[in-house]
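One chain, chain A, appears in both complexes that follow, with chain B as partner in the first and chain C in the second.
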Partner chain A sequence: MGKKISIDPVTRIEGHLKIEVEIENGKVKDAWSAGTMARGFEALLTGKDPRDAPFVTSRFCGVCFSVHQIASARALDDAFGANVPWGGTLLRNLAMGAEYIYDHVLHFYHLTALDYIDIMAVANYKGKDKDLVAVKEKILGLVKANDTFPLTPRYKPDEYCVNDPDMVIAAVKHYIDALSMNAKARNMGAIFGGRTPHYQSIVVGGCTQYPDINMVARFRTMLDEQAKFVNEVYIPDVLAFGTGPLLPLATMGVGGGHNNYLSYGALEKDPAGNDLVFPPGVIFGLDPGNIKVQPFDQKKITESVKYAWYKQDKPQHPYNGKQEFDLNHKEAYTFVKAPRYDGKPMEVGPLARMIITKNPTLLGLVKKGVKPGAVARHAARAIETKLIVDACYKWCDDLLDAMTKPGFKIHDTDHWEPPETGMGVGFYEAPRGALGHWIKIKNKKIDNYQAVVPSTWMASPRDEKKVRGQYEESLIGVPVPDAENPINVVRVIRSFDPCLACAIHLIDPKTNEIRKFIVE
Partner chain B sequence: MDKERELYRELELKGVSRREFLKYCAATAAVLGLSELEFTTRVVQALESASKKPPVIWISGQDCAGCSISFTGALNPPAASIILDKISLRYHEAIMAASGHLAESVYHETVKQGGYVLVVEGSVPSADDRFCMVGGRPFRKILEEAAVKAVAIIAVGACAAYGGIPAAGPTKGIGLNKALPDRQVINLPTCPVHPDHLVGTVLYFLATRKVPLLDDLNRPKAYFGRSIHDNCRRRGYFDEGLFLTDWNDPNQQDWCLFEKGCKGPDTYSDCPVRRWNDGINFCIDCGAGCQGCAEPDFYADLSPLFTAEGEKSKNIMARKKAGLIPKKKEA
Partner chain C sequence: MSTSCTYDVPVPDEKKKTVILGVGNLLLSDEGVGVHVINEMMHMHFPPDIELIEGGVDGLRLMNVVVEVDRLIVIDAVKGGGSPGSIYKFRPEEFATHADTSKMSVHQVGILEVIRLSGLVGKLPETTIVGVEPKSVGMGMKLTPEIQSKVPRIIELVLDELKDSV
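Moving on, here comes the complex of A and B:
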């Protein structure tokens, strides 16, 4: 019997998540992932006007708000029979593109970079670059003032932490710069979204922001600044880390998991939707030398609640799923349900998308020996950010083209009123992965609403067959030489960019008591 | 050198090892042309007289992190400068380096010391504590204990102020008005919080050590003193009864959004003047109307959001017809 440890709260993620791991011989032997907060959004939507749903479900997440708004609007589009005009799709895509750019950059610098650098190495910077010297002085100033919050405390840097002063000081500078770049990217999204977080303009049938030429010009100017940062700072940083000091972690494939991948496909490059930035597809048991992609079939999605705090039921398709809590369910350890595709747990998100689309840059890294895992996830995220930047330029051109032609439309006004009855699904690709919203309408009101979000796919608990969820499986075999310093565990978990609040506790395997680490 | 030992102990607590610190001293001493001992002594002296940055604890309950993201959207001053230069951010789950027990230890240490500004994001589940657990403990208990020694409490966003959207759900989320009924709380509603409202309130408090002037819903009057309608650029069209019905019609682009569910006449916030995202846009300018997120009845009592069929909308129209809403030129 190994030693069980628990980390609670796992910070630098969105939400409340608890992860427990059992460690044997310096490696993770078993793992449990648990979401520890619930609000009951699906339940509170029942009986409401369906048109409320995009606005309300945006509040699923204040980090990736637009994906929920758009996925929800698409579910309504489907249920109402609305045909979103190309202008409306372009506005949604540009709003979404801005979110991708900010979200991926934020994830790398603000949510994970601190796991990979020894920030105190800035003290050893010997260079003369004025900006970098200023960064060094800022950090040393904090140390001198004996107040280095929130940069410390931290897990002790291990052998994979970058401590080359030049690399670290550049990373710290980029951490600070990226905060402002994020804010500006969100401002860019607000040109068509109204404001962020939580866009206001995305509704069933299209978008409410009637564009003018100045808006497009402004978006493009702001996009230029973002593109420069992505191409000259973000991507080089990720590649320098991934193919440099972190190469051992990358080639070991630390944090790999089930090797099943799923993408619903999203982001139209043409009015017919034949050409997508992210194509749909499914891969079971990836063989990097021979990637076989199967078509995606939504009927194969089910959700199990066997280990979750819900009223027990057999696995259901989301159209039929319910959100009835049962906090006393004995076997349960999480609020997260267990979605499965054809009965299998899946990884969704940038790595899934870049493998399914057989992205040449990612496959190039695979040829160099990089295996699916935590480091590969960061690389895939950076690679696809560039795809999004390029697509945004195209959408700006397309929008200018469309809006200067007669009959330009942004909304399907004929399908604004809710149908008496109906059902619809909205598939989308969130920064974190495959996202689906399902709605049933009765008497013009919401009869049932269900969302299966990317972090539900990945933070899921075990299913009926006791098969682990993707976070849980990805932790198996992860090196934890020091149980007091489980830095690799949080590296792996954060590489998924979790969007819920988790926690990992240290538990005594004999008494099952949570070990106290509180400093009295 | 007791002081030096004390220093190392404190640094260890903050995750800086003695070895790291000495390395830093050696490097810096060399740059300054001082001996290592001389430099270490000076640092120890500096520590004693260092002016302390005010500590801040930011806790999250039933939240979406939207208020955190909104705060990091501050550009003038930039969020990085607030986090690193203006405050000592002891606890913020989305920002701090520490996880698990390390994060909890800082929290407990700071709560024990007291004297911090407490920022709360998200609602508190009133149906059952188990709907929101952090570090294995109910969020409600964490909030109650953190409130005791806080010098000021700021509720950011509609959820923390009045319950917001979670109030409508089975977990019965409540805001600080109900979760901490005996404490003075500065409410900064809107969903999410406006970064200017938060940064301004924090800086005002730190500069004056006083709570800004509040309205009867405990919102700073400076930000929530006038209705959206008072300052709305579409107000003339409301007076004339010209309401947008088709988002595709260029002729209607400036018309009033009442028919699309705008609740501006009964919502108090400076959004039309301040706008959002560094002034780039805001809800009414993007054609979607105001959904009343600065008010305690947000969200369920304002549903349906996108039509004029809700009670609030009917009431607004009745008042307009009775001449109770002053026209722009008369106001």
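Moving on, here comes the complex of A and C:
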């Protein structure tokens, strides 16, 4: 029996992702991924008007709010029999495209880059660049004031950490620049979303807000600035890290996992929906030399609760899914169900999408020896950000073209009323991966609602056959030379951009120090 | 419940841009108190340089709001160990949040961290947090009666805060 360590990021927040690994001879021998918070917001929806669902589901999460809104609206489109006009699709895609840009940039710089650099190397910067000297002073000032949040890595830098002062200081500068870019990209989403966070304009049948030429112009101006950052900073940084100091991690394929990939497909580039930014598809057991993509069939999705704290049942299709908790279930170790496609655990998200679409840039990296894993995941995320930026330009042009033609429509008004009974599914490719919402309608009200989110696919526990989920499998064999410093485990899990709690963010300081500020 | 015209809304210095930001999760009863309060305040009339924003469950991404204002008043649920319905008022710099947040992912970055990150970008607004100790953070789209009954008082405190900063 190896040494067991537990990485539980829950310190302030009630419930999140906990990773437990068993280490033997400096490597991960076994792993368990656990969501420690009960979800089940779906229960809130039962009995409500189906048209409320996009707004309620948008409150599931503070990171991926709009993805739930769009998946929910699409489930309603399906159940109501609504045909979203091309104008409505374009507006939806532009609002969602803006979200992609800030989501991926934020993930790289603010949620993961610091796992790969030794931040203290800025102290050794000897250059004279004014901006970089200012960055150095800012960071050293924070260190001096003992206020290094959020730059201090939790784990000790290891041999893979970049410590070249010039590279590190440039990365930290980009970290700070990316904060500003992020704030700006947020405002982009609000142009067609009506507001942000929690867009208001996306409803069953299309969108509610007619565009005018100024909105498109504003969006394009902001897009220009984002495109410049993506093309000139983000992508070069990821490639410089991935093919430079991190190449050993990349070619080892640290964090690969099952090598099964799934994309539901999303983001139409033509009115018929034949050409998608992210095509749907399924790959079992990737062979990089001979990529075989199978068609996606939603009937093959099931969720197992064998190792989760739910009332035991055989694996169910999401239409029939239930949320009955059973905390006495002895084999359980998580609140996350185990989704399977054709009985197999799948990876969803940027790497899955870029492999399924056989993206030439990603395949070029594979030819250089990069294997599917943590580093490849960051590369795929950067590559697809550019695809989205390019698509946003196309959607702006298409929108200008469509809105100046007679009969321009953004909504299928004939299908606004809920059907007496019905069922529908809504798929979307969220930045984190394949997202599906399933709805059943009875007496014009919601009878059952289920969401299977990307992190459920990947943070999944074992299933009936005791096959591990993707996070768990991706950790097997990961080098952990020092059990006190499991930095590689963290790198692997963060490369998936995990998002589980989706909910609670109340201020909860560790101490009760706050009590002295009580007013009444 | 309508609160229009029942409060005396102060008029601040015109050059100062003020944002009153309500945050929280509407699906988790009292966790959404900031959202309920701000929605209630939306019925009131404010001068154009005071903006009311419902921030929902947003974490780090509220930075677009924070970096653009001079004065920020945040209304949020706060677990401070007091009895349910306790109201706190503090400035972020008045107590140090523990630094070990780097291991967390974005949705765990709370409003205090957003404010501190905004400092890295350059500008830090003068900030006050009006916090409310929740009774229940269980699933539900309504406040518990205990917290609901505090809403008018919370609004009064926020308006007092505006007066102080005029």
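Simple rule for what comes next: the second predicted complex is superposed on the first by the 492 of 520 C-alpha atoms of A that agree within 3 Å, B and C clash if a C-alpha of one lies under 4 Å from a C-alpha of the other, contacts with A are read in each partner's own complex, and residues count from 1 in each chain.
Definition applied: contacts are C-beta pairs under 8 Å (C-beta built on N, C-alpha and C of every residue); 3 or more make two chains touch, one makes a residue touch a chain.
None of the values given here were measured: they were computed from a predicted structure.
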Partner chain(s) touched by A:Leu44 [first = chain B, second = chain C, both, neither]: both
First, second, both or neither for A:Lys156, with chain B first and chain C second: first
Touched partner set for A:Pro498, first chain B, second chain C, both or neither: second
Which of chain B and chain C A:Asn182 touches, first, second, both or neither: both
Chain B versus chain C, judged by how many residues of chain A each one touches: B
Partner chain(s) touched by A:Pro197 [first = chain B, second = chain C, both, neither]: both
Touched partner set for A:Val490, first chain B, second chain C, both or neither: both
Partner chain in contact with A:Phe65 - chain B first, chain C second, else both or neither: both
Which of chain B and chain C A:Leu114 touches, first, second, both or neither: both
Contacts of A:Val143 with chain B and chain C, given as first, second, both or neither: first
Doubly contacted chain A residues - partners chain C and chain B: 9, 11-14, 16, 40-41, 43-44, 56, 59-63, 65, 110-111, 114, 138, 147-154, 176, 179-180, 182-184, 186-187, 197-198, 490, 501, 503-506, 514, 517-519
List of chain B residues in touch with chain A within their complex: 7, 10-11, 13-17, 20-21, 23-24, 27-28, 43, 46-47, 50-53, 55, 60-70, 72-75, 78-80, 83-85, 88-106, 108-109, 123, 125, 128, 130-136, 139, 164-166, 168-171, 173, 191-192, 245-248, 250, 253, 260, 276-278, 280-283, 285-289, 291, 299-300, 303-307
Residue ranges of chain A in contact with chain B within the complex: 6-16, 18, 36-41, 43-44, 48-49, 51-52, 55-56, 59-63, 65, 85, 110-111, 114, 119-120, 123-124, 138, 140, 142-156, 176, 179-180, 182-184, 186-187, 190-198, 200-201, 203, 206-210, 218, 309, 323, 325, 327, 408-411, 413, 486, 490, 501, 503-506, 514, 516-519
For the chain A and chain C complex, residues of the former touching the latter: 9, 11-14, 16, 40-41, 43-44, 56, 59-63, 65, 102, 106-107, 110-111, 114, 138, 147-154, 176, 179-180, 182-184, 186-187, 197-198, 490, 494, 497-499, 501-510, 512-515, 517-520
Footprint of chain A on chain C - complex, ascending: 23-28, 31, 54-64, 67-68, 76-82, 86-90, 94-113, 116-118, 120-121, 129, 131, 134, 137, 139-141, 153, 157
